[in-house]
Each structure stands twice: as structure tokens, then as C-alpha cells.
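Next come the structures, one after another.
Next, two complexes with subunit A in common: one pairs it with subunit B, the other with subunit C.
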Partner chain A sequence: MSDFRISRRTMLASSAMLLASTAMPGIGWAQTPKKGGRLVVAADSEPRNLNPAIVASNGVFFISSKIVETLAEASFDGKDGLEPRLALSWQSAPDGLSVTFKLREGVKWHDGKPFTSADVAFSALQIWKPLQNLGRSVFKDLEAVDTPDDLTAVFKFAKPTPFQLIRNALPALSSVVPKHVYETGKIEDNPANNAPVGTGPFKFAEYKAGQYYRLQKNTDYWGKDEPYLDEIIYQVLPDRTSAASALEAEEIHLAAFSAVPLADLDRISKVPGLKVITKGYEGLTYQLVVEINHRRKELADLKVRQAIAHAIDKDFVVKTIFLGYAATATGPVPKNDPQFYTADVPTYAFDVAKANALLDEAGYIRGANGKRFSLKLLPAPYFNETKQFGDYLRQALAAIGIDAELVNNDSPAHIKAVYTDHAFDLAVGPPVFRGDPAISTTILVQSGIPDGVPFSNQGGYKNEALDALIAKASETLDSAARTELYKEFQKKVVEDLPLINVAEWSFISVARDTVGNIANNPRWAVSNWADTYLES
Partner chain B sequence: MNRALILLRRRLVGSIFVLLIVVIGTFLLLELAPGDAVDAYIVSTGGDAGMIELLRHRWGLDQSELTRLANYLWALLHLDLGQSVAFSRPIRDVILERLPTTLILMGSATALSFGLGSALGIYAGARPGSFRDRFLSIGSLALYAVPGFWLGLVLIVIFAVDLRWLPIGGIESIASIKTGLGRAADIAVHLVLPVSALGFIYLALYLRMTRAGMAEAWRQDFVLAARARGLSRRRIVFAHVARNALLSLVTMLGLQSAQMLGGSVVIESVFAVPGLGRLAQEAVAARDTPLLLGIILVSAVLVILINLLVDIAYALLDPRVGASETGA
Partner chain C sequence: MNPLRRFLRVPEARAGVVILAALLAMALSASLFFPGDPQAIAGPALLPPFKDWSLPLGTDRLGRDVLAELFHGARTSLAVGIAAAAAALVIGAIIGTLAGFAGGLIDELLMRTTDAFQTVPSFLLALAFVSVVGPSLGVVVAAIALGAWTGPARVARAEVLSIRERDFVAGARVTGMHPLEIAFREILPNALPPVLALSSVIVAAAILTEAALSFLGLGDPNRVTWGGMIAEGRAVLRTAPFLSIIPGIALVLTVLGVYLAGEGVVETTAVRRSLS
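Entry: the complex of A and B
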């Protein structure tokens, strides 16, 4: 399983990690959960829209996944990596044109009205397909949702759609919101987008801008004896150093999504009463990628791209930039993915001499000043690690005679420069692997994507064989055959290097050791926390 | 009193032009920043071309700069600050919610730096060149040289993490059900650290101005006269020297209000205080042009008002001032 791979890998990495992973057995599934209590967690941002059906992003899920539930959630040991939530079962027709969901009985919305298949049909057709950032592509062929009875929803597709993709999309893309709340007025302007109504274990209670969100226990929750907590408070802490201080001062119980910077973890892990947890993010893997603008004639040359790949010391990146809290990447699917990953791809060992030889071969001889050519390098500013890798890459390129000029922007400026203006030669990006390559991975290399689409191939790369492979996989219904195609896809990408995958990482949580049932699913931070509890 | 009224009228007319320049200048400056509100939004969501086009249309970003500026000014004429893109709420509400916090923070910090600064300035200036004068001058300068965020972090580590005397941040206890005096006390406790961090930085300024003013006053003839009349040193310091030195501080108070507003951006972030400064930072990060324009407009009005009050106070305190401006 993926989670074991993570702990084994990180155990080797550093002594700080040893501490962290030995703390893990203490998480305590065996203990009886205690009822009651108020859990206080750090929140580093305040999403403008809390409706996860419209905005499927981790920032929104972190808060709203406790209020609004999906049809299914990711699971370490469930069938196909899933665990039922609002849906109890899902079945695909052999022709790939329909999927039937059997829904949970006796579920009530927070306002007391019953949850039915009409809500699922409404959410899918009126929100996921036309409005949701990820659903717009995954559900693009969804034509109708039949509701033969209150507990059955049949999704009808215009074109055969791989069941595997729909399954993998369920945890992130299938948040169900109440039809009766959303059917009048414009969905985007609905007040419930800022005060969500759902079926989840917690009800939205209060939001004080710049201060906190407060969620309250849903006493009518369908889960037996759940939830355990009475309240969850998200305390807004915009400054990155304040989460660690707040944990030490016992003002908060939990800082998820690496709110505590990596550099502080070693110190924090030694504070009595606090534990560092690396599990619970297996389904949210970020990839450290060098994006390449193939419009530059030097970079359009495969030998140059290979040289750059050989110039990067991935182990150094993992050890020094991520302080061991990451893994080296082999290709566009992360190692911890249980379904699609293959190690059977070409490798580019760290070898400066070979990189130099490749560049000589390509005809880019060092000039009198030792330089072959100059490049513009734009590291994405969203993470400390992407910025630091930008600094590292500049040095690594200097060693092979490529002079990289670093251009640092803030987030909106970076998005515009790279994805709309294409004003870059190399960029450092952190794309997310979302459990299925078709959700947000293939668009990183596919051609024909309009300008301005973020986190997609904006480097002008075009490879007809690869495009054909992506198209074929998107209509292959048999899961095994589809998986094989994506293994082929990984091989092709690593062979031709439309981009260079360097490392992959997930987030880290730091919690007080009184918090129980942490990290018990691969998307824990964005799951519903119905079984999370506090020891007094 | 009449003099003050005439001054008020003149200032108000002038202020309108100042505000217009501020608004147009800020708008053009923000247009120069690369990336718009949609670019900022999709950082956390991603999205396809259709969704991006839809968002640009909904937020009015598909219109030309001139149209947007004209629309904004037209709405402003009707006292409408518009709708925030980042918060999807009316900007007036968003700002009004945060303004009191910033005013309390700034007001307390100003009181601290002004009060303590001038008191220490008098103490130092009473004996220019003495050890206590040197010590206070150097000490306050050192404090002035410290970056605000660093001072804030050090205060947090000492008083909130190690000693646990004071809360780490925020403006009041989470979800507190306190009302009235209990709530006021709670807010006061939360304000101690941010007000200290903000106030101590500007303390040096008042200290040094008072001290310099006093050093100068010591050399004046009226001090000599007072000495000749045999007044006690204590009386000379307070009634003659300090009084003259403090007058120039009133002007400084007005000038500093703009500085203080800038300083609060940093302090509010470090201490998670939900004020106007942090809102401005969020507005820039989200490229929420109308919100930032609203904040800058409100801040400009605030600074103009404070300066006006200072001028009126000055005119009332010192009969020599204002005579020429009112044409009387």
C-alpha cells in the first residue's frame, strides 16, 4: 500500500522522520473515541466560496468537507480505494453509457429536509458539469441523471465513459448540495455558498472574516454515534510562522496542510505533547515539475531536455529542499499511486558529465565565458519549496553551461506569465495528481489546449503519438486495459520529456497528541472528520 | 471658532481633488500589476478555458480599463464602493467590518508612542547631554531600526509561547460569548502585543522630536528670562521648555497617521488581527482592484480627516498659526 511506501521511504530519509514515524503507532485506532470537545485547527486562507460542488479545491474541502458530503470517500483498504458516503454502491453498464448509484437511506439535510436522488441529479447536472472547476471536464459527456426512485440515481453519458475515471473522481468531484436550497436564483450567487448546507457530520455555524469559522455537531447525522466532536473551529492564521507558535502555546490542536514550515518540524517534533504526522495525504500528491517552453529552439531539442534532466540531482532536492519529506519522481504518475504507477520508464541519473556531453552533441558549445545559452526561469511562488527549487535549478543549470535568469512573481503574475503570455523558458510548477491521470495529469502534456488554461500544457509541446494515446485511454472502458495505456503514457512522457518530473510530496500535519483518529484515510485533511475525537 | 470653520471648508474642497487623484492613480497602478482577479482565483482551483471566460465576464474583467474606471467613478459618485471579487460581498460591508479594529490598533499605538515618547523625550531633554539623554536616544533609535514584523515575532515567542501571559494573536477569544466589559477586557488583552509592536517602533520619533525641541527651547531668550526670574528648574522644564517642544509634535501626529497605517499592514498579519491593513494585503494578493481602491480611499479619507483635526487643534492651540490661511 501507498502509505507504507511513504513511511518506509521517509524513515530512511532523516532522523527527524524517524521520530515522526515512531510517533505514528501512538495515533491509536484501538482506543475508544471520546465524545465531546472543541477541536481548534489552523486555517491559512479564507476561501471566497465554500461550496465544494462548485470549487473542488483543497482549500475549500478543508472546511466544507465536514459539512457537505460526497458520494464516496477515499479509503486505505476499501474496494477500488473507496468507502461509501452518500452512495452505498455504484455499478457501471457494460457499454460505459451509464452508472447507477444506490443512495444511503434516512439521510437528512441540515435543515431537516430528506436527502434524495433529486439532489444528486441536480448537483451533477446543474453544478458539477457546468460550473465545477474539475467536473467540467470529467462530466462533460454527462447527458442526464435518471431518478427511478428516491434512492437511485442513474448517470447517463453521451459517450462511453470509463467507470474507473468516474470512480477515481468520486472523492473530490461529487459533493452533493441540496436542490431545494439551490433551485431558485443564480447558483453562483446563492448565500449558501458562504454558509453551506449539507448532510455532513458538522453544520456550518458562524464565520467571522479574518478570525474564524465555527462548525457545530450535526446531532441528526446518519453515522452511528458520530460525530464525536461538538465543535470544530478554524482559526485564521495568515502568517506562516504563527501556526507553530499557536501549537506550542496550546491555542490550537492541529495544523494541517504543512502550515508548520518544514524547517520547523525538527524542533516541533521534540516539543512534548505535539506529534508530526506524515500520513493522511496519500490522495493529494503534489509533483515538483520543470515546465518547458518548447517554442525555444534549444528546448525543442530532446538532447537539451535530457541534459537538463541529467543535471538535476533529485536525491539532493529531496534531502535538502524537502528535508526528506518527499520522494524522488520517476515520471508523471507518483510512486504512491496504487493503480497506475509504473517504474518501467527510462531514467536520467544525476550525471553532469553526461549532460555536458549531450549539450555538446546537440551543437550548443560553451562560449568564451563558459556559457552555452541563456534562459528565463520562473519558479511558481505558491510553496517555499518551489521557490527554493528554482534557486537550486539555476545552479544546476550553471554547472552545465546554461545561464538561467530567475524571474520571481507573485501568484497571479506567475499564472499570467506562464499560462497566458508564455513568457518563460523554464518554469517550476507543482501540479497535483488527483488519483487518475485523466483528471489533471494528461493535460500537462496534451496539445491543443487554449491559452490561459492554468496547470496545462502551455509550453507549445505537440506529440501526436502521445495525444493519440491520451485520446484512446479516455475512451477505454476496461479498467485493466486503461491502466496499461496509462503505463504506456508514463513511459512515453519520460522518453520525450515534455516536462521533467523531479519529486513528489504530500503535506504534513502537526497535532497535539490528544487528537485521535488522525490520518486514517488518504485524504484525511479534506475528509469529514466524523470519527475524529479529543482526549481530555 | 470661525477661523476653524473657514479652514475646514477650504480643506474639504481641496480634499475632493486629492481623493480623485488617489483613486485614478491607484487604479492605473493596479492595472500595471500583471495578472487579474481571475488569474489570482484560479491559482487554487485550476479550470478550463470556458470557466475562465465565464469568470472574467461575471467579474466585469472583459471590459476595457477605461470602461471599468468610468463605471467605478460613476458608482463612487453615488457613494457605492462596489462589490468585492475576493469576498463576493459589498465592499462597504467588508471595510466597515475591519475599520474599527484598525482604528483601535492605530489609536492605541499612537497613544503609546506619543505618550511614552514625549514623556521620555521630556525626561531626556530636561538635561541635554546627560547619561540618561544619551541612553534613551540610542535605545530608541535601536528600536526604530528594528523591523516591525521581527519585533512582533520576538514578542510572540517571549510573551505568548514561553511565558503564556498573553494570547498569540487575533483580536478576541474565539467564539467568545462575552459581552460588554468582559469583551472589552478580552480585546484589550489581545491588543497588548500588537499595540506594543506597532507603538514602540514610532516611539523613537516622538522621543527624538521632543528632545530636539527641548534642546532648542533651552537656548531661547524666554528660558533665560525665566531663569533670571528665579523659577525652579522643574517649572522651567514643564511650563516653558516642554510646552514649546510639544507643539511641533502635534503636527507630527498628523503626518505619522499615514505611516502608522502602513505599519499596521505588517503587524496585523503577524498577529492575525483582522484589520484594514491585512485586508489590503489580501486584496492585492487576490488582485481585487475595487476592494483595494475602497481601502485606499477610506485610508485617504482617514488621513485627511486626522490632518484636518490636527490643523484645527493647532490653530486653536497656537494663535499664530492659521491667521494667514484664513486670510483674516
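Entry: the complex of A and C
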């Protein structure tokens, strides 16, 4: 029953969207957005630094993407999957050494000052390139940003840089902050990091630690008639079980990022007045990955890694741990990626007998107690699912005679143990695929990454052919050729298993029926919500 | 009348003994009835209790047998409870005896240390200790004992203070016994009964502390614990409440059993005192 309801709603929503995009405005049988109202949203974490230009992460975007806008946003049907925001158009020079952005006219910062190309140049050179977690690699060759006039910004690169990569990076990496606020003093210590100033549809109003963030409508917003909402309140509900009851009690309108546990979705989809939405996260795919420490003699053996891959029942993981709200993975690029994904890679079917045979072949014979060797397994603590997969993996390894000892840590201790101290044999990690392998995927297997960089290859894996492929792709300008190289990359990774991709999942939103225009772009939860509205 | 029969005539004691015996039987027979790893996946996930008689109490989120986990959890709970209480009693008795018997500077030093430990809430102490050292069964036992030895130490000291003035102690001194020998061979055995009476309280508290630590994810992840089971069940509290309720009931019964048995001991000794 619940499935039917969900699909019926999705059908309705998508047909409404179709109508809204094609039908003439003013004919109001596709619902016209209402103005006004206060949207109350569950927030499960309280980021200290709210500057998305420095900390490009979903926890920060969830709040600050409404305040600080990017040059472009992801879109279901826009050209190259993009929709203009602060930039109206982007054009690359044939030599790949420059990209020209034409900026939107008449945009004002929340403090009334005009938005110009100088702000873009400042953000790119002073923040994205040197300070931003993701921008550091994508913009590493950015040399200068020319500003021939107030509405043109020309990015100049020292080395040819693929336009495809820059385009794919725009939605997450290009948050523009005001130069006049940040130019004095140290950028990291600027008070605007905690009370951001932007051009977005909402202004930052207040933050009460442990209680809520309040955003207020920006009456000077460039979007016509937007935003519809008067206020957004992020109600801090750190306990995962409380979001569902808060929704039922009508205390909040929306719980995004799977704040409602997966096991509760079936029940909650039957509650009148609530809807479960699986769309709107296509651009934020998390990958469930077994990270491998190749310094361990046994794990340096490809046969052992293949055995582990064969021992994992991916369907069980998707069905039982993710309750179907996930997909099995074939390789380092998720299946739902429209540009790079290829299914043409080796597969490792769930086959315990084969796994055992591979381990015997590798020379790790079962001892008297039935065990071949012991391992330390560190599941990442960020998600219930990563922890549960750790429990599952321990059992799956036991079936092939590998004795895994679970080590539980809190987040900082886990990051230190895996990415700095390398005190692990296997780890369970949730890296994010951000629309282009060069943004945060290739560093999972590339060699030569300094110790301590989280979510990168810290397992001591080194494969020169793969490194060369990554380097070649990073300077290939032609999109088609570049895409081919990344398909080759997927094949090589799955062949040699520097890590094992098990599943890929996204998030689920649960909202009250009264919230309109939900999930209308692939990064909806972290987009600007200018068109979101509340029916009274 | 022999003390055991007197003990068994107290109704609380009978109830307590029955519960504890059942628990002990569960812990001892866990490997017999459920050989192999209790965390192994045994069936479909989230099977409700009493549906499938090969899995009488159903299964959890991953399809692990709840009954097997319950049996093996009894083992962990009892082991931790008894080990932590034993450690706390031994440390407490030694420190209390030394302080009471030596007096003076040593007494001051030991008792102020005891004060220092008592001012920190014992759960907080255990939490801090485990998060620094890292969770494993031994560490959890040590962490609980760390906060529980102060009670026995104080009781032991008070007893020793009164015993050390008795004639037989003076007699031992005259025969030239070494002071440490007097303290531990003459005085401690006589000071022990009231200290042991604390044991039921400490065991119960230790089992609860262990459950709380596991609930917060600081238990040994490679072992089944009731606290850990409750914590895992919490995510599905609305859809599969039995996953939290079953280990919860086990926990309540255990602590109740320990408490009732302890009460029985107190009653018995009180009766004996009034008789003599």
C-alpha cells in the first residue's frame, strides 16, 4: 500500500512540475505557490562554521545555501545539468586556459551593497582555491580572475583545465561571498563565517545554540516574486528518533537527509498528512565503501581482496540494512550518474565457496580453529547504516574464515585512526560522489596523498597505471574523451580493488503535505529554496 | 537452624535466588544451546517474536537471533557485574583496611584520595575512562570498578577502626606479628561481612553501568550486551519495540534478582543478630 501511495504522489508531483514548466503562468489549476509562512525544518547537526565557500559539505549547505548562492545550481533538465544562479552563462576557451562567466545584473548583498565580478574573483582566489576542502584540488591551477567589467569574470588557469570538471563543480564549489565583508582580517576568523552574508533568498537572522537557526526572507531578492516563505526555522533535533514524532506532532514541516530512520518510513508513509519523498538527492550520492589498508601483507594480495568482494552479499546489504532505499554498486561511480557511469566492469557475485577457494589459492589456509587470519575492522560512525554494515561485514568475513575484530570510535577518533594513523586493516567509509570523479572520487585511489587528508587514499595503495590515467583525465579537455578515460578508470579500479564499492544511497525527505515545490532539483535539500512554499 | 535455610525462608531471598539461578543457567548454557557466534545472521531481518519457533524471540535489524543474543548477553552482563564488583571489593577492602589500621598520614592520604574519587560521579568516570582507553571488556570492568571501590573502602575502614582496638588484635601485637599480617589476617576477615553486604548493590550498579556504556556505543562491539541490544533497537523503537523491550526486561529482572538476594542476606543476618 505504502509503495502505491508514494508512487502516486511522485506521479502527481512530477506531472504538476511538468505542467508548471510548460503551461502558461496564471492558469491556476497546477497549484500556484502561496506567499508567506514559516517553514520549520529538522536539523540534526549544528555546524559552527556556516561559510559554504570554506566548508563545502552538506551539513553546512543545508542551512547556508539559502543565504549564500553559487554561480550555478544543479538541475534535472537544464543544459549540462545546470541552472543559472549568480552566473547567467559560462564559456570555456578552446585551449582550456580560461572560463568566462557572465554574471546576473541587479543582484544585491544582504547589506545592500551591489554584487559584482570583484566578489567572484575574491571568492575564487582567496577562498575556494586556498581554503576550501574541495576547491583546493579542482581550482589548484587557477592563476587569476580577470574582471573586465562588473558583470564579467574570466577565470585564468595555469594549465589546461577540463571545462566539464569546472561545470560539474559549480553547484557545490562556487559559493560566492562578499569581498567587502571578508577583505579585512583573517578569512577563517571572520564573524560572517558564523552569521553569513550572501545574495540568497533568505537572510541569516539568528542562531541559538542547541535550539534553532532562524532565516528571514530577503525582500530584495533578484528572483521575481521569490522567495515565497517569510521564514525558515532549523529546529535542532539531534536525536534521530525525535524527528519522526516531531513531524507527527506537526511541530516541524520537513525532515530532510533521512532524519527519519529508514525503518520508520514504512509506518510514517501511512500517517495522513505526511509524505515520503525519495527524490531531490540525485546529485548527492553517498557510497558505501570498504576501505582497505594495503600495508597489511594479506590485503596487498589481490586474491584476498577478490575473496572479500565475493563474500559480501550486496543485495542483502541493500535489502536489509538500507531497507531497499539504496542500490548495489558496481564500481567507484554510482549508477545514477548520467555522465560517467559504465556497467562494463568486472563483477564479483556473492559466492562464499569461490571466496574460500580464492583464499586457499592465496595460501591462507584455515587453521585448527577454522580461522585464516585476523583483521581490525573500523566502521565509520557517521551513519547507522555504516555501523550496521560493519556488523554485517564481520559476519560475512567470518564465513570465509577471516576473523574481524570491530573497533568502534567516535568521529574525530575514527578520522584520526584511519586517515592519519592508518591504524586499521579494513574500514567502512561513506565517501560522496559529487557529479565528477575528479572532485572527490579519484583521491580515494590515487597515490601520493599526504597523511591526514580525510576521505582519501590512506590505505597505502599505489598503482602507477591508475595514477597515470587520473593524471591524463585531469588534463583532457574534450568531454567525450575525458568521460572515456573515467570509464577506463572505473574498470581498472574494479579489476584491482583498491577499495570495494558495496552500495550507493541517497537520502529521504519526509514532509507535511502542505510543503510545496519539494525535490525539484537534484540537490534540493542543499539548494536555495526560493520557490518552496507552504499551503496554509 | 543453618544459615542457608534461614536465608531461604525469607521470601525476597527465594525470589532473588530463583531469578539469579535462571540467569546463571542462561549464561552457562549459552554456548550449549546457541553454539557459534550469537551475532551470526540467522534469518530474515526484523522477525517479530513468537512467529517462527526456530527463532522464538524473533530477529533484529540484521536478522540475528534475539534469543541467542539474550543468552550470550546474560553472560556478558553477569561477567562484567561480578568481575567489576569483585575488583571493587578487593580494592576497597585493601585500601580501607590499610587506612583504618595504619591511621595518621597514610589514613589521611588514602581517605582524601577516596574522597576525590567519590566527588566524581562514577558513571562519568567510567565514560571518560572508556572513551580514552577504548572499549573492550577488560577496560569496561576496570572503568566500573574505578568508580565503585570507594564505598567498600569507607565501610572497611570504619569496621577496621573499631576492630583494631579489640583484645585479640592487642594479643596479636604482643606475639610479635608483622603489622601487615595483623591487618590482613586478623582484622580484615572480621571486617569483611558488612563490606560483602555491599556486593549486591555494586553488582546491580555494575550491570546497569555496563548496559549504559553499551547503549552509548562504548561497550565491546565484538560481544553481545543487553545495553547494546537496546541501543540498536532504539532506531526501530516505533516499528519493532520488542527489540528494546526484551533486553530491557532481562536487565530489570537481573537487577531485581540481585537486589532481592542482597535484601535476603541482610534480613538473614538481621534475624541472626536479633537471635543472638
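Going forward, the second predicted complex is superposed on the first by the 506 of 536 C-alpha atoms of A that agree within 3 Å, B and C clash if a C-alpha of one lies under 4 Å from a C-alpha of the other, contacts with A are read in each partner's own complex, and residues count from 1 in each chain.
In this text, contacts are C-beta pairs under 8 Å (C-beta built on N, C-alpha and C of every residue); 3 or more make two chains touch, one makes a residue touch a chain.
Just so it is clear, the model here is predicted, and its values are computed rather than measured.
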Which of subunit B and subunit C A:Lys34 touches, first, second, both or neither: neither
Contacts of A:His422 with subunit B and subunit C, given as first, second, both or neither: neither
Subunit B versus subunit C as contact partner of A:Lys376, first or second or both or neither: neither
Subunit A residues touched by each partner, larger count belonging to subunit B or subunit C: B
Subunit B versus subunit C as contact partner of A:Arg394, first or second or both or neither: second
Partner chain(s) touched by A:Ser440 [first = subunit B, second = subunit C, both, neither]: first
Which superposed partner A:Lys354 touches (first subunit B, second subunit C, both, neither): neither
First, second, both or neither for A:Lys108, with subunit B first and subunit C second: neither
Partner chain(s) touched by A:Arg366 [first = subunit B, second = subunit C, both, neither]: neither
Which of subunit B and subunit C A:Leu406 touches, first, second, both or neither: second
Common interface residues of subunit A - those touching subunit B in one complex and subunit C in the other: 241, 409-410
Residue ranges of subunit B in contact with subunit A within the complex: 33-37, 39-52, 58, 85-88, 94, 97-98, 153, 156-157, 160-161, 164, 167-172, 174-175, 269-270, 272-275, 278-279, 285-287
Residues of subunit C touching subunit A in the complex: 37, 39-41, 45-46, 61-63, 131, 134-135, 217-218, 221-222, 234-240
Of all residues in subunit A, those that touch subunit C in their complex: 240-241, 244, 261, 263-264, 266-267, 320-321, 381, 384, 388, 390-392, 394-395, 398, 405-410
Subunit B partner contacts - residues on subunit A that touch it in the complex: 40, 45, 47-49, 55-59, 131, 133-134, 136-137, 188-189, 193-194, 206, 208-212, 214, 231, 233, 235-239, 241-242, 245-246, 248-249, 251, 382, 409-417, 420, 440, 449-450, 452-455
